[in-house]
Each structure stands twice: as C-alpha cells, then as structure tokens.
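As written, the chain order gives the labels A, B, C and D, with residue 1 at the start of each chain.
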Amino acid sequence: MDTTSYSLEWQDLTLWRGERCLQQGLKGKLASGQAITLKGPNGCGKTTLLRTLCGLSQPETGKVLWQGKQIHKIRNKFHAHLAYSGHNNGLKRDLSTRENLRFAARLRGRHTNQNELLNGLRLTACADLPVRNLSAGQQRRASLALILGSGAEFWVLDEPFTNLDRSGCEWLARRCNDHLGMGGLLLTAGHQDSLLNPERETIIELAGAN
Amino acid sequence: MLQAFQLVISRELQMAFRRWSDLALPVIFFMIVCMLFPLAVGQDQAILQKIGPGAIWVAALLATLLSLNTLYREDFDDGTLEQLALSTQPLTILLLAKTVAHWIVTELPLIAITPLLTLGFNLPAEGVYGLMLTLLAGTPALSLLGSVGAALTAGLHQASGLIALLLLPLTIPILIFGARAADLAASGQSIAGPLYLLGGLSVLALTLCPFATAAAVRVSLD
Amino acid sequence: MNEFLDMGGYAKYVWSTYSISLIVLTLTVVLCKRTLTNTRKRVLRRQASLKESQT
Amino acid sequence: MWNWFHKLASPPHFYRIASAFEPWLLWLAIACMLTGAYGGLVLAPADHVQGDGFRIIYVHVPAAFLSMFSYALMAVASGIGLIWRMKLAFSVAAATAPVGAAFTFLALVTGAIWGQPMWGSYWEWDPRLTSELILLFLFLGYIFLRQALAETRQADRASGILALVGVVNLPIIHYSVEWWNSIHQGPSLIKLEAPSITTDMLWPLLAMIIGYQLLFLAILMTSVRTQVLQREQNARWITEQLGTENIHG
C-alpha cells in the first residue's frame, strides 16, 4: 500500500429501483484514512449506493469520481485499488478456499502469503474443503480473506459483520482499523453499532424511501 | 492480459472436470436427439442418409442451448461475476475466456462423438471427417452468440425457453451453412464453399460478440 | 359491380388480404390508444393517492 | 440544430409534440391509404401475368417495408439510448416493438395468401417470406426479453443490446436464406418479382407505402406517450400535463 492519498467523491447521485426513486442528490467524499458507514432501514438503497460507488451499477444522474476522474472512464485503474465484498461471497462453491484465494490473487497479479491470512481467519483447518461444505460463518470469513488478500486501498464491505461470531467481529474491526491507520479507505453498510474507532468514521443515515 | 485469459480458462476447466456430470449432460442430450430421428422417421436408409447431416446439426444446436443456461447464472448467484466485473483486467477478455472454456467443455465432446452417430444415420465413413470439420468451424459462432444470450438472461432464474427464443433466429445462418456443408460432406463433394462462409461467421462472431457479452453482463449486474 | 368484386377469379385472395390488413391495423391503433388511456388513468389515480398520503 | 435535438429529447416536450401531431398523422395516413387502395383496386389495370391477383401487392409490400423499417428504427433508438443514455430513445424502442411485430405478421399473412394464386400453395419457403418469419421471431424475442426483466432500466438496456445484435445479424440472415433458397431451388418457379410496373400501377403503391408509414408514426406517437407515462410517473410535469389534458381531455 503506497502512501499517496486517495479520494473518492460523488455528486448529486439519484438512485432508482424500478419506478421508485430511492435517494436523491447524494453528495459526499471519502479520503485516505477515513471510513463511512451507511445506516438506514431495509430497502432504503444502502446496497445500491455501495454498488454505484464501486461502478457496478449506473446512477440515474450524478457522477462518481476517483482521484478526480469519473470511474467509468478509468475503470481498470480504479479497480486496481478496489476490493468489494457483497451479499454473496464471491467464491466458487466447487473450489476450495485456497484455490479461490490463489485465483483471486493471481488475477490481480499479487502473490500473497495465504497461510498467514488463513491462520488469522482460523480457516487453515478447512482451507482445502470445497467452499460448498463450509458453514455460513466460515464462508463469510473466506470472502473477507479475499478482501484482505487483495491489498487494495479502497475496501467496500456490504454488511461485513453478518454471520460472524464475537471473536470474528473483533478480528475484523482490528484489521479495518489497521487498514485505516495505513491510509486505506473503507465504505461499509450495516445495522450493528460499528466497532470501528469513532474519530476516523463518519456515519451516514439514509432516509427510508417514501 | 493473456495471463488472466489463461487463468480464467484453467479455472473453468478445473471446475468443469470437478463436476463431470455437467460435462456429460450436453453430450448425452446430443446422442438422444440424434437417436430420435431414426425412431421418428423409420429405418429407411435413403431417408436417414438424406436427413442425417441436418439432424446432427440441429441436435448440436439444441445441445449448445441446453448448456447455456448455467454459463453465467452460477457465477451471477455466487458473486464471482461481480468479482470479474471489478477485476483489473478488461471484462471482455475474461468473458471471452469463459466462452472459450464453454466451447471446449461442451462443443468438443459433441464433435468427438459425431463419428459414432453417423453410424446411426448410415452416413459414408469418408463423410464423417467433413462433418466434424463443419462442426469445428461452426460451433465457435454458436458458443459466442450463446454467451451473449446467456449474459442477457443471467439475472433470470428460469430462462431456458427465453434463451432459445433469443438465439434460434440469430443462429439460423450458422445452421443453414453448417447443414449444407455437412450434406455436401456426406455426399462426398467438396465442402469448401459453405465451410468458408461458416468460418467467416465464426470470425465475425469472435470480433463482435465479446463486447456485446461484456455490455450484457454489466446490465445484468446493474 | 360484381365483376369488380370477382377480381378476375382472385376475389377470395385479394379481399381476404385487404380485410385482414384492415382488421390488424385498426386493432393496433385501437389497442395502443386504449393502453394510453389506461396508463393515464392509472398514473392519475396513483398521483391522487400519493397526494392523500402526503397531506 | 443540436439544441433542437436535445429539446425534442426531453420527455415533457416530446409528450406535448406527440399528442399534438398524432391526430393529424392518423387522418393523413387514412386519406393516403384510401386513395392508394382506390387507385390499386380500381384504377390500376390487371397485370398480364397474374391478373387481378397482383393487387395484393398494395397491401403486402408496404407491410414488408414497414417491418424492416420498424426493426431498424428500434435498433437505432436502442443504440442512441445505450450510447447517450437517453431515456426517451428507450421509450421509442420499447414502443416500436409491438407495432413492428404487427406489421411483420401482416406482411407474412398477406405474402402467404399471395403465394396461393402464384405458386399453388400457401407456403413455398420463398426467401423473402422466410426472412419475414425470422424477423417476426426476432421481434418476439425482443418483446419476451423485455417482459422477463422486471426493472425498466435493465429491460431497456438488455433489450437494446439484443436489438443491436439482431440488426447486425439481419442482413446475414437474409443473405443466408437467399443462398439457401438458391441451393434447394426446385423447378424454376415464377419468382415473386414485382410485376412489370406501369406508372398507373405504381402511384397507388407509393400512396399506400406513405399511408402505412404515416399510420406507423401515428401509432408510434401514442405508444411512445404510454411508455413515457410509465417511466415518468413520479415526475412533477406529469401532474400538470395530465391535469390540463383532463380539462379538455
């Protein structure tokens, strides 16, 4: 993780689902070392906003800028710094965790030391089992291993603390704080009260769509 | 870029061989469809010889359609399609790799098994190589067009009928030239004309379809 | 007049094509107009109910 | 010129223009078709080869032309929608599909019926009729894909891609069907060539084509307004627009 400072900015985003307008005129900025947690009732567009800021979905109006440039113009450069973990965990169910991690790392051209990562997530025991046989908590931790192994500066986690036990949550909160400490950016959506340290984190409350 | 291309292909092949039942399904379907024709039309050798090449091509087309349902649906459900869309490599190349892997996994076994089926239609032995050649030249276009159809319906859960409706009108030129070339092969004449047209269609599909597939996947992920 | 109707022996074909065309075209026009009025009614009803829920 | 195009592209503006033009287009279309039909059925002399049977051309050719035109329009509108992300372009594409399918069906039926006096059977796999049949399936594929995707934005963009892939394939399909027909050509049948057209046979045909085109535009205006209404339900301009229409609606 180099030390240049990164920034993500979005201006007057309008988010739609079907005929319903979820959010209007959203504006915000995320700089290095900062975290933003989105809170709000179900169906208010948290996930849609996360996916829009990653470039997965197109906003109805408005722009999303990474380092001042629109993300759909600099897609590959932007994705080099991005790691996204959505509701489904992004792992092939027939391959083992180790094979999934190796594929993801080599796709990004990185050679992470997997054992240290797997030990941290207490997954070494079941690392060679197909993901299909892992429990929901283990699958969640395996998908978090994807994020940690990616070495990306900008983490986007959609409800990271679901299916995690107490020790898992603390472990993840510690790693997130280290990430922020090293100048990384973090964007999460979730319901539990956040375990991140307060002074780096801003909480955005999204109003429920009418 | 090339490394990512090989990476995706090797992962797809690794996955396919791990679940060989999905591998065998299109081939078995292909054999069954080819077996139906003699049962429906009767053993009259003259008729069977006449409809043989065409029947084999129709069966190959239907077997491809069958295997397209799960091409992107699984990746859409388990989130790997999102990871591919958010990777540093261009999505077009990665999806082309997936389509090539689909072609290897589904079409090559079909081509490998055609000699067995030509016995069923009592086609002359020397016609078999020509028939396999036409399948070799035509099936890439089927897979590429099929991947566009599969990407368009990745988000839908019971879309097998829809994919067939979307694709069949588009694959008609391939079927016409393929069946015609196979017919010439079976009757021992030179198959150069339609074979070149078939190859041309495959090259055209190779240049245009990956971009349509990437755009369709981005729409399905929206 | 009936010589005109006979259409030189092709009466059956000529008049069938013309009548089918007339039917299909008028049907399309009528259906499109009706869907427009239905949609307009539906949107108006939705807007009215929306206004009540806000006031 | 550019701001005129941009102005037209704003849904409220287009909605008002559409509702204003639609009655004129409709009546003009009906007038053209009536004169065309009168000219074709009464004034034009019988063809020396096909006798009066050739009068079906006045109904078949305009429908066939419109079926091609509507698919091309749908593809162009989808292309504009995908490239410049213009919602109105998607509304036009969505509105064109069912109307295009209706015209294709019409071309198919009139062509088949014309086949009977010409070749002795309703379906002779004539390359043009086969292309019309495939075009009908392309339209149905577009319409069913649009129905299957619940979200309008996704449906617009996905069916737009299908329309573009389809329009690239259309000439290839037509060529391959022509080529296929020339291979399996039975004894040389009298082709469905347009009979030697004399001017007093020709002007009714032109009148009918213009009439069909105007009718297509009139129907299009109505169905685009429906699409715009569906898409802009929450926009404020809808309320006053419908309000004013209600008064003298």
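In the analysis below, contacts are C-beta pairs under 8 Å (C-beta built on N, C-alpha and C of every residue); 3 or more make two chains touch, one makes a residue touch a chain.
Just so it is clear, the structure is predicted and the values come from calculations on it, not from any experiment.
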**Q.** Label of the chain whose CA centroid is most distant from the centroid of chain B
**A.** C
Q) Using CA atom averages as chain centres, what separation in Å is found between chain A and chain C? A) 52
**Q.** Rounded Å distance, chain C centre to chain D centre (Cα mean)
**A.** 15
Q.
Can you work out the whole-Å distance between the CA centroids of chain B and chain D?
A. 33
Q) Where the centres are mean C-alpha positions, what is the separation of chain B from chain C, in Å? A) 42
**Q.** Multi-partner residues of chain A (at least 2 other chains)
**A.** 58
**Q.** For chain B, residues that touch 2 or more chains besides their own
**A.** 222
Q) Counting only residues that touch at least 2 other chains, which ones in chain C make the list? A) none
(Q) How do the chains pair up in terms of touching? List each pair. (A) A-B, A-D, B-D, C-D
Q: Under the touch definition given earlier, write down the residues of chain A that touch chain B in their complex.
A: 54-58, 76, 79-80, 82, 84, 86-95, 99, 103-104, 106-109, 143, 146
Q. Considering the complex alone, what residue numbers of chain B touch chain D?
A. 145, 148, 152-153, 155-156, 159, 162, 165-166, 168-170, 172-173, 176-177, 180, 197, 201, 204, 208-209, 212, 215-216, 219-220, 222
Q | Of all residues in chain B, those that touch chain A in their complex | A | 3-4, 7-8, 11, 14-15, 18-19, 77-80, 82-83, 85-90, 221-222
Q) Which positions of chain C touch chain D when the two form their complex? A) 4, 7-10, 13-14, 16-18, 20-21, 24-25, 27-29, 32-33, 35-36, 39-40, 43-44, 46-47
(Q) Which stretch or stretches of chain D touch chain A in the complex? (A) 85, 150-153, 230-231, 233-234
